[in-house]
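Here's the structure, in structure tokens; my notes come after.
Labels run A, B and C following the written order; every chain starts at residue 1.
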């Protein structure tokens, strides 16, 4: 059966497979990490200013609608092919969900809570660190989770601009009409995406402050 | 650019193909999701199952999904449309069901108590009030489908992706620009117009 | 007009029936209040009259028709229905909301429009202003009034009202209760009114049915319930101040005594009740008040002794 053939392919080419897998994971992790490092602080800074936040959210919303492959392709004429351009494109794709969720979550923190904290003498930074961020964390993390899945999915497409990863097996599988190779790319990629979703879902639960977890 | 001016018909054809497969998929999914969504709104088990499956299917990478369908339906438009309908169904069933369930209980109770038939309640009260949420789902589905259609060009489904892939393999930047930018423009245009509709509906049913 | 016999409702998994062999009848034009502690079955009973809840046993006859033999949808179109949260349709204008049942019944547009304006006038909301407004633009009290108008639209002979004024603030509630009583005066409607507020029950009801654990404990006029509570439960339910509550049911001009030699210095309006008169007497520290009509003419007097006598009288309900 096809699955068996796919398995045999992996067994026959372990180096290629694990190389692709490693690249895929590295691309995804790096892109996600970069996106968090950029979008979180920006989101925190912007959450207070109404207009800047609105502009950022509008831009991010537009960014969110752009087809992933289009973004990857647009990077190519500018930055060429390979790991770094793919990383760049994937980071861009991961920014919108994190930014939108961070800004929205912080804006939706109960104003009364912040007022109480101020009244008790907390500084702006302390309020952000001790009250707003923890309370907003569940929604922020949901954004990170969405971005994670998007990045793992996008990394599959990175194959088209020479980024490597599991997408390579899919593209060569289609080009050569070799169905087992197709599956060698498709199934692990799917598992990775589902795995990332589960992982971040779990992290989301852990990072939600105990008092706020749904009972 | 120069290439675009001379070859705008190529782009137009690709755009036309893209719109056709996208629209077809969303239309099919919309009809199906209305029926299934109404059922899920009434039935707790179906609702939970629908949410769970939709969450799962939505995380599958686009290219992987298309690839997984190849052993079953081969290449081409059918493959692409199945994939796009699947993604759309998942989002829209959830939105139809949630939208109907979010209609305030007392509004449905009042309608029933005043003597509306269940069918009248569905068509005059529940669906109109659920419309903003349904359109929100339609909006996400449309954008998703446009994005999938770009990739689907690789499995011979046509559309704007053909320009991109062509441009990449021939290292011809203008084609890449044309394909990528047009698909972005299409996605943004669809999103913005549906967002307008959604906003108008929300205001009306507040 | 409404005959309930041996009505039973048991919800699956519940230890006791929600409604336990209830028998009571409501005469035409009467306001019957169902009251009792939480879980006594008052709302369930009301909702069985229009089959929003299906009875397990017993019968309900409305205007001589067995509700179980009538199609639920047409039954409900002939009964007015008002609930606590109102349930106005947010996507329809006030006019469309009020016109709901007439439209379902197929009235023509002109008749509907006239009726809508008539009802808006009746509830004290200027038709030209409110006809095309939307529920979200209204206050709580206004929404509730529109809910009542909506229930009256097709002029049903029977109305069911489930804590209609429960979600309103006390001041607006008192005003809405007065308005509703005023509206009722001109119409001949049979009303089943559910509440948990004993003061509302005493004010609104021609007869009050006190329910407990699904069973009828006492069914009598407000006066009778206050004067002769059937058992300790009813006694504690109506409150320890029932003597004062009874006084509140009697109007000053229903308890006039002859003026003495001198007209008392302080006066109270004829429409005020004896409890208010008593309160005034305590406040000023006197024991006689003159009772004046709307034009200021002195109609008679009331004394502290006279008021006391009323707490012992058997009749004398006057509104």
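Assume a residue touches a chain if its C-beta (ideal position, glycine included) is under 8 Å from a C-beta of that chain, and two chains touch if they have at least 3 such contacts.
These numbers were taken from a predicted model, which means no experiment stands behind them.
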{"item": "Any chain in contact with subunit B as well as subunit C", "value": "none"}
{"item": "Which two chains share the largest set of C-beta contact pairs", "value": "A-B"}
{"item": "Most widely separated chain from subunit B, with each centre as the mean of CA atoms", "value": "C"}
{"item": "Central chain (distance from its CA mean to the mean of all protein CA atoms)", "value": "B"}
{"item": "Computed distance of Cα centres, subunit C from subunit B, in Å", "value": "53"}
{"item": "Whole-Å gap separating subunit A and subunit C, where each centre is the average of the chain's CA atoms", "value": "60"}
{"item": "Centre-to-centre distance between subunit B and subunit A (centres being mean Cα positions), rounded to whole Å", "value": "21"}
{"item": "Subunit C residues within the subunit B interface of the complex", "value": "50, 52, 73-78, 81, 83-91, 100-101, 104, 134, 136, 147, 150-151, 160"}
{"item": "Subunit B partner contacts - residues on subunit A that touch it in the complex", "value": "2, 61-62, 64-71, 73-74, 76-77, 149, 152-154, 156-157, 160-161, 167, 170-171, 173-174, 179, 182-183, 185-187, 189-190, 193-194, 196-197"}
{"item": "In the complex with subunit A, residue positions of subunit B that touch it", "value": "56, 59-65, 67-68, 70-71, 75, 143, 146-147, 150-151, 154-155, 161, 164-165, 167-168, 173, 176-177, 179-181, 183-184, 187-188, 190-191"}
{"item": "Interfacial residue positions of subunit B with respect to subunit C in the complex", "value": "104-117, 120, 125, 128-129, 204-206"}
